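Which chain is which? They are A, B, C and D, in the order written, and residues in each are numbered from 1.
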Amino acid sequence: MTPNQTDRIATQVINFLVLIVVLILFFLLGDIILSGFPHISWHFLTSPSSSFSAGGGIRDQLFNSLYLLVLTLIISFPLALGSAIYLSEYAGNNWRTGLIRTAIEVLSSLPSVVVGLFGYLLFVIEFHMGFSILSGAIALTFFNLPLLVRSIEGSLHAVPDSQREAGISLGLSNWRTIRGIILPAALPGILTGIILSAGRVFGEAAALIYTAGQSAPILNYSNWNPTDSSSFLNPMRPAETLAVHIWKVNTEGVTPDAVSISAGASAVLIIVILLFNFGARAIGNHMYKKMTGGK
Amino acid sequence: MHKKTLLSTLVAFSLAGLLLGGCSSKSSHKSSSEDTKAAKVTKITAVGSTALQPLVEQAAQDYQAANKNVNLTVQGGGSGTGLSQVQQGAVQIGNSDIFAEQSSGIKADKLVDHKVAVVGMTPVVNPEVGVANVSMAQLRDIFTGKITNWKQVGGKDQKISVINRAQGSGTRATFEGAVLEGKKAVTSQEQDSNGTVQKLVSSTPGAISYLAFSYVNDKVKALSIDNVKPTDKNVTTNKWTIWSYEHMYTKGQPVKAAAGFLKYMNSDKVQGSLVNKLGYISIHDMKVTKNAKNVVTK
Amino acid sequence: METYDLSQNHIVTPPEEIALSTNQLQVYYGSGSRASMTDASLSFPRFQITALIGASGSGKSTYLRSLNRMNDRIARIEGEIMYRGTNINSPKVNVYEVRKHIGMVFQKPNPFAKSISENITFALKAAGITNRQELNERVETSLKEAALWNEVKDDLNKSALALSGGQQQRLCIARALAMKPDILLLDEPASALDPISTTKLEVTLKELTKNYTIIIVTHNMQQASRISAYTAFFHLGHVIEYDQTEKIFQTPEIQATHDYVTGNFG
Amino acid sequence: MDDIQHKLTAPSKASREDVMGRIISYTCIAAIIILVISILYFITSRGVATFTANHVNLWQFLSGKEWNPGTLNASGQPQVGALPMIVTSFSVTILAALVATPFAIAVALFMTDIAPKNGAKFLQPVIELLVGIPSVVYGFIGLTVVVPFIRHLFGGTGSGILAGTIVLFVMVLPTITSLAVDALKAVPTYFRSASLALGATRFQTIYKVLLRAAMPRLLTAVIFGMARAFGEALAVQMVIGNAALMPHNLVTPTSTLTSQLTTNIGNTIMGTLPNNALWSLALILLLMSLVFNLLIRYIGKRGEIKS
């Protein structure tokens, strides 16, 4: 076989594999969105859920998912950023760094339920944080960190060394160089990491059942005081997220319309993630353009 | 300029994150005790059985609407979790599907039982198997693996696929207590939730499992045992023997706020309508009682 | 390849005022004990261009990068680097301050992914200059010094990455000049440029000697002979010969230098 | 002159900035290390209790095939044999990674080298979207589509390793793909142009240059995929069958470490043997993923080409 024939066959094999993946993707997304779309209505999005009668909505769960994402990122992003900077800029290439990396990666293979129980026993019980969004956010930080650290470190590495040299040669401190030159250049990669980890936050259920809880108390959306227990901004209140809600109605739900709630909620989840992806990308591009001074 | 803002935001975030992570234990502690002083809001947490959760959750919502000074949190986690945590004093109420006495590792004498509802359970099969009634002995043989084909009990020629519940789960303990007479169930598929079992039985040919009454729908077939139908009425007289209580345990006698809520759980408001709406049987309707050793008295 | 006696050398001390000098400089990479640069003792005259020549791997870039401590992260450097009466190769010295006085331009143009003016003002702002007017003035002066002003003065807010290679390299020079350094180190600055850009760059460098001391590493011997006053020849981590450029190229003292500049090398 | 000498030796804003930078990044890494150590300690201390407090024989635990922590066997020992779960967890993880890797790399190559413009624009968001689908949804699609399909083909219940593998394959695909894309993108363009300029075909370039240069990071992508597969519980639990039985083939119900853990942990009492035994499963899971990590890191190091 000549190299050219091999090339043609190989390309066809690759195209074929891609086609299969695309078909799977279409099937999955199509199945979720088509079966869920008919159940999405304004009423569904804006009314609270119901524990036994039909006609419940997902208003609070939807908000909780978003709020949990924000809190999780507030906790995990700075930690991941700092650690990624340490690993890519300060750490030497030795066994100690290898150990740290392995330790962080092992975190990502822990089953959700183990992290959930750990969070439950330590944060919920021991630290008296109760079933709360905050406990949930800390538990999710465990899953988020490996993914975030890895992707941020990767995108920092991808910035050419000549950029670091340029900064340092001007008498800038390493820190200033990292912050002002390397980070902006690495921004698109960092965003991908955030989007991926956000997906994980949206989709996680097992870890949250034991930490953020699986009840959605009625929220008061006009109460902006985060310390008040009925306020929607209070991080210390229990919060059932969309994914947990889907899990609950599917496993123990006794509402007559459990199937349609689950389908509708799944479709909403997908759409929210989609919007989030596009939004994050648009903001990223905008920031990147602003920083590079391009018009 | 915007770079500076970006950085300072990041720094602020990281500080906030570390502070929240590190100190929230103290702050939350403080704020909850301050709340108590200011508004005298008592916080009650009930954890445990997922089967009982919807009932308690709904009751808690109604109760809080009338009693502003009580803040109730109801969570699942499983009966084991509920019993462990109430025994440790980490939560005020532990919800359980089983008697504390039936659970090893729990000092039942330290806990006070509050029975709030009764759940009836029925064996369910895939509608295709062509069986509507079995004897108790046949049912036992199916679950211990002695009968392996539906034609042995008058159905069509189809292998029996047993789907059991998780070991240690309340539903399984109840079912095995009432049916197996101490024999060991065959090792088979195990699922831990009513919803999954219902879906599996409806889609797997030859499947048999058991469900709480409220999860039985037209996609699965509930079996009669010795020609007794699984109905609420038969449960109240113990003609249908597979049923259990739903318990809410407290460590010692409940203190004021928890006592108030537990009293509400036993009131006609809950027992008269809510319990039935959610598919349980009211404790008030029972004509018999059962103790931890499965002994029934009229 | 012929082997030369590396201990045989000829090194002069220029009579002019000295801007920077090294004494017995040794560079070790990694944890190894073998020196990549051995006993380099050179003095660089003020307001002149000094060229460092030699084959690839001769240690000239290593040496140059040691002068403003750019090699700190990857190498261990022994010996003295004397600047204004201070040994700047001492752990007590503030390297950031050193680099402000001794600027550097690299082989490949490496502008930041920012606008042209931000490329220049970024380090200035970090150094504490916030006055808008002063920043604008510095941008203009340095771009003029680097002979880039006329080409970019209307596009100062455009991305620096849109410039051509030659323009990018002059922007990098302007960026270094904006810090008002004393000495400018150039590491093969023209190697990535076309002949026209190279000529422009050489003219610019000559102009700069009015105010700056320049040390340049180059592969291009014509370039060295065209622009530099002094030339040092490096071979296998040793300085073999250091003298006035004319002498190095016409009547070198050492055989190795002769072979190299006449192209009979290796 | 003195002024300059002073400036050269005195600390400046820049050196203070650098100290601050170091403090920030060292604090972050320290915080993460504390998190990791605390959870590792937590799992280890509980997982070891089975052997120290309940005196279960370690070898019996690892090689036994009977899992009934509540009951004692003939010799009075509790029946805690984790072998079926260990074997199944290994099988589904490795199979899922084996199946997913070629697909993931093909998609990644398609996005970076074959159709970088349209392919990437379309596939990237869709793939990131897949990461966010909750496990539960995957599980139910598996239960309603994959399991009946397998039952139709092979008979039996349909649940088992094969169903688990298929569901996990789809779940880890986005993880491996997006990391593989990063890995391929990190290979400098001149590697590609140099190879093509030498007359190599695109496939030769991909096979001999790209994949090798990207190998360490591709392996990392696979590790992350396997890690996800290892730790996944809710979805697997619904399709694997959850029977603590040795898997005899790919289509009989069996149980993974995670599914056993998730199914039972809420029903056991903390501090008792059934609960401790579940934590021992978690410990095994942790150690197994640690071994995998180290192994692949080692392979990655050997396959690395120095640039």
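To be clear about the criterion, contacts are C-beta pairs under 8 Å (C-beta built on N, C-alpha and C of every residue); 3 or more make two chains touch, one makes a residue touch a chain.
If you want to know which protein each chain is, UniProt gives these names: A = Phosphate transport system permease protein PstA; B = Phosphate-binding protein; C = Phosphate ABC transporter ATP-binding protein; D = Phosphate transport system permease protein.
Just so it is clear, the model here is predicted, and its values are computed rather than measured.
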Winner on C-beta contact pairs when B-D is weighed against A-D: A-D
Farthest chain from chain D, comparing Cα centres? C
Which chain has its C-alpha centre closest to the mean of all protein C-alpha atoms shown? A
When the C-alpha atoms of chain B and chain C are each averaged to a single point, how far apart are the two points in Å? 77
In angstrom, rounded to a whole number, how far apart do the mean CA points of chain A and chain B lie? 31
Gap in Å, rounded to a whole number, between the CA centres of chain D and chain A: 17
Any chance you could list the residues of chain B touching two or more other chains? 11, 14, 18, 21, 50, 76-77, 88, 196
Which parts of chain A, given as residue numbers and ranges, touch two or more other chains? 78-79, 81-82, 171-173, 176, 179-180, 184, 250, 291
On chain D, where are the residues touching two or more other chains? 14-15, 18, 24, 27-28, 31, 140, 262, 265
Listed by label, touching pairs are A-B, A-C, A-D, B-D, C-D
Chain B contact footprint on chain D (complex, rising order): 24, 27-28, 31, 68-71, 140, 143-144, 147-148, 151, 157-159, 237-238, 241-245, 253, 255, 262-272, 274-275
In their shared complex, at which residues does chain A touch chain C? 160, 162-163, 165-173, 176, 180-181, 184-185, 291-295
For the complex, which residues does chain D have touching chain C? 1, 4-5, 7-15, 18
Okay, in this complex, where on chain C does chain A touch? 68, 70, 96-100, 103-104, 106, 108, 110-116, 118, 122-123, 126-127, 157-162, 172, 175-176, 179
Which chain C residues qualify as touching chain D in the complex? 83-86, 88, 92-94, 96-98, 101, 126-128
